[in-house]
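The structure appears right after this line, and notes come after that.
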């Protein structure tokens, strides 16, 4: 039994440049292979993810790393340019995100879990949830014409799996290699792994895909939970 | 076994002009019949709920629709005048709502569930919860004198029942007709139903009252959950 | 706001002779005062609740203590006579309990929480839940004629409140004294309190009524949670 | 996005002859149309579901009704022959069910929710869960050879939706008519609807499919929740 | 079995001057006795906690009461000076709190539960959670050097225990007397108890310590729940 | 911060001969090193855990494997001798387990989670929970004298972590090697790993300890959840 993403337009809404690589890139890659259009919306600049040896133009560096990863995936890239650690669900940022939704016109949105460990991630989740409603509201003016219907919305796993109750699993076994290549683009962040105060991201990601895979009977999986709220619910 | 609302002062705090009609008007009508005083506090203008054929002075139109519905119910009406889609739990809006609480002086507040599908609804819930505490705090200056005790607070069902776990049910069978008449006042919104991107509200409302009624052994019911927080809890 | 038990027939289904005194006697007393008929069904003999100085004919002693407490309450008493520590949801015991339901014909059943601390209590809960369904099934032969409809069912608090999430509270302030008198009938059990391996039951009971009262804004309360399952749900 | 049941062998394990019609027949019909093999395992005889005017050979009547419904669906039928109201998770009944699993060899099992309203349904759920594990254990001797791997297992919705949290929805819009025809085969049960102590089953079923459909954006849906336990979990 | 706080640096982050006394002072006292360094960070001034007879310079009075209580405990005191009822998780207040974390350098943070009854408490919880992450982020500039690792974080009980599910209990029996002395320092607040709209705080606190103690087999206990989010989780 | 098991008597109650190795052996080894007495109670014979090439005297073989593992740990071994797949919470097996409790006299019991994936594991959990209460009841006759107080009880993680919400984590980093050696004793079971229908147990165990370790900031951890029921709760 397989979910097909064939006619979908999948938009991942994440906080930082490497979050999709950690939590949903396998599913995005699989959807792409199924024929879906993929969008990647990164709300923060990644400007505070400094390695031990600080990088002065970090935001620009991370933007390039991100662009490289998005190219590997074949995803259209959207950046909201908010400074790390300051993301919150304000009217202004909501409007920005609604406009992005109206440009990409997703049928499915993937975003962080509301119970995620990082304040920026939780803010991204609140923003994506709000935008998933307002993007289809005729009365809300923001960028292009409103969508004809709100997209579905799935909450992503948390890093380390703490506090997340999977609703279902997506088999990403054939796409784990691409996920690793994408993560490898984020060299500024992998550099952080060398200090003891930062987990080795690549190991963490692989370990998590294996653990979720074990729960689901495959080599590698990503876990999600569907948002069943009004008009965002779907029957398969 | 029946709950009597006889000596209560019931204030519904909702986001948009037609929200009470969808989620708690039956209970308000029943409380009114029991002899309770009814207040209806609508935080947003409803200015973005545009039908396919846009209405230029929509906020004014909806205000009139709302007033007509409130008259049917015999409710005192309070409007906070916030623009749709921008409601949030700020100090300013909180102060406005505390002042409304101090005017109406509720013993019971009905508001949206924290897990509701609409960002404005969740903001209304957060505001009502905050006001239910601060309205009785002598140190908080806002409008009239503080209440002598915080009101009880009940969370309302969500539209479509997704994600809401009922704590108890109120039998509204004799008041379903009035609920329908009240909803019928909101002509600008019923007009939206004709497009496929908007559910036929009257059907949705009736279907939900029946489903909740089936769960509770009556023709029509509304579901609620009591907020058991400090000083808002009650024993019946 | 008060729930009236006026026309109800309330049956408490508990495991041991003193369980009602600990967890629901205040509500039973109040229902009695409202004019309800009260039944008390005790499934086990209490034959293993030995104090430090063992009582040889303990089951008989406890039966007398129980009868005295039931008299104070004005409750009709039903005993199923199962040996302590062996209660389980078998067809035989189920049939016994269905027959009791068909004699007393309750409209409301109070029983232990499924998450209770004591294996006999959990078995009593499972039995009461099953009987609340089968008592109204024409095809099930057990004692008198089937009820015309299943009774409502409420789960009682746990001793010490661990693991129980109250759905609502019943104000028992005027009935706390009677509850204490009823508990005082169980002298064989109060004797156990003198050893350090057994909590002083009267203190524990009073402390719990106060704590639930504090949560609900009254001097003393008992907490319950309604079972919303098919045909056992009610609207108030 | 659609789940395809094409290569599955789907076995519904229910307690009574009409339970599949109420809770999963739409999904079974859809799976059948996808090309899946369908099995229907009914554990009880339905011998106690008496209408007002009792039917003397009720078990035989219901067996015929069931066979007619299964024919409409094109399902292979398995009956365990337990008397209504006595189903429990014993070694003997477990063995019977394991043997049925080893004959039909399911890849996906649908069964009642553990929190269902009916004691027989909960027993069926426990039995199906146990059999989903032991059917693939080489050391357990029961009927044919063990399966090479445990099937996936999905919990079905409860009647009336009380207490069930959907994990995902299956669109059954094109199969609602067949579901109604199947339910119409159970004439002995529909006869019960005429008394006020029994809900009109056909209405209840249709209302529930609509309500679940509203939550999921389709005309009619059935809700399920996947069992993620060891070896029963799947990635899609 | 005992947890030792010997080498910890424990920082309580609370909203109002008397919140630590109500919810965690016993644990702080015990940690102090174990040899831990104790910090107490109070985010609001307490300027709106007016007794019936208003105190004009209330913030100053409460600051003195707080200082006296902190002295009894031997805690380093940090005050963020926000006005009561206006606390929220803004970038500015977050930065203030991050700077406080970087001065005290906690290994363990105690803060309000996210489901607490008071809006300021919930804001304090959100701020402490955010600061527990950002305090260790090299890219975030705020006061002193970043911590080498995020502290552990425990959620405190709610006043009245409503809505809080304890993860574990800390035995504070030997420290209850000190907790009471600390609470007695807050004379402006105890004065509020005389009116019927304000619970007698000392009774409430003692009752809660006893109830949690009963759940945990000791005279007096405080309940907590560990935050298991990324890098805040710990193994004991 | 560390929990010390120094004066404890820790009894693991598991279903099959290799379950402790998979879920709690690290904690047992650490408790042993702290000076605790360790008991290992295995309820089933393991007689149905057949590898591809069946072993005729499997129960005897597994008994030897188990004894070897217990010797490595320094644990006193108790076997209840129930046949695999037939374990249930009957009066008889309960009595057997109560007698074992009264011989070993535990202060802390570790057992399977109630939500575990395996029916025998869930039965073991129910039995251990029941025994943790009845072992201290003077009225229950079973083997030696009753304990003076019920032991604490912790629920263990599930295999694969599905459905288990950790309450706290025990650092077992120094004991992972011993855990692996103990598991290696179960050669009959490791032989099963070679077939594709059985997970490679050693990998699964190591992966799980790492994943739980990642959540808790250590190399390897085991997750538990405390049972807070009456008299089984503890304050640390």
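The chains carry the letters A, B, C, D, E and F, assigned in the order they are written, with residues numbered from 1 in each.
The definition used in the following text is that contacts are C-beta pairs under 8 Å (C-beta built on N, C-alpha and C of every residue); 3 or more make two chains touch, one makes a residue touch a chain.
Nothing here was measured: the structure is a model prediction, and the numbers come from that model.
Chains touching both chain A and chain D: B, F. Of all chains, A has its CA centroid at the greatest distance from the CA centroid of chain C. On residue numbers, the A-D interface is repeated by B-C, which shares over half of its contact pairs, out of the options B-E, A-E or B-C. A separation of 35 Å divides the Cα centre of chain C from that of chain F. Centre-to-centre spacing of chain C and chain E amounts to 39 Å, using the average Cα coordinate of each chain. For chain A, residues touching at least two other chains, in rising order: 160, 162, 199, 215, 228, 231, 233. Under the contact rule stated at the top, the pairs of chains that touch are A-B, A-D, A-E, A-F, B-C, B-D, B-E, C-D, C-E, C-F, D-F, E-F.
Remark: chain D residues 160-162, 199, 204, 207-208, 210-211, 214-215 touch chain B in the complex. Chain C meets chain B in the complex at residues 1-5, 8, 108, 149, 152, 166-172, 213, 215-218, 221, 226, 228, 231, 233-236.
The part of chain D that touches chain F in the complex is made up of residues 89, 91, 94, 126, 129-130, 133-134, 136-140, 148-149, 228-233.
On chain E, the positions that touch chain B within their shared complex are 47-52, 54, 58, 84-86, 88, 116-119, 158-160, 162-163, 196-197, 199.
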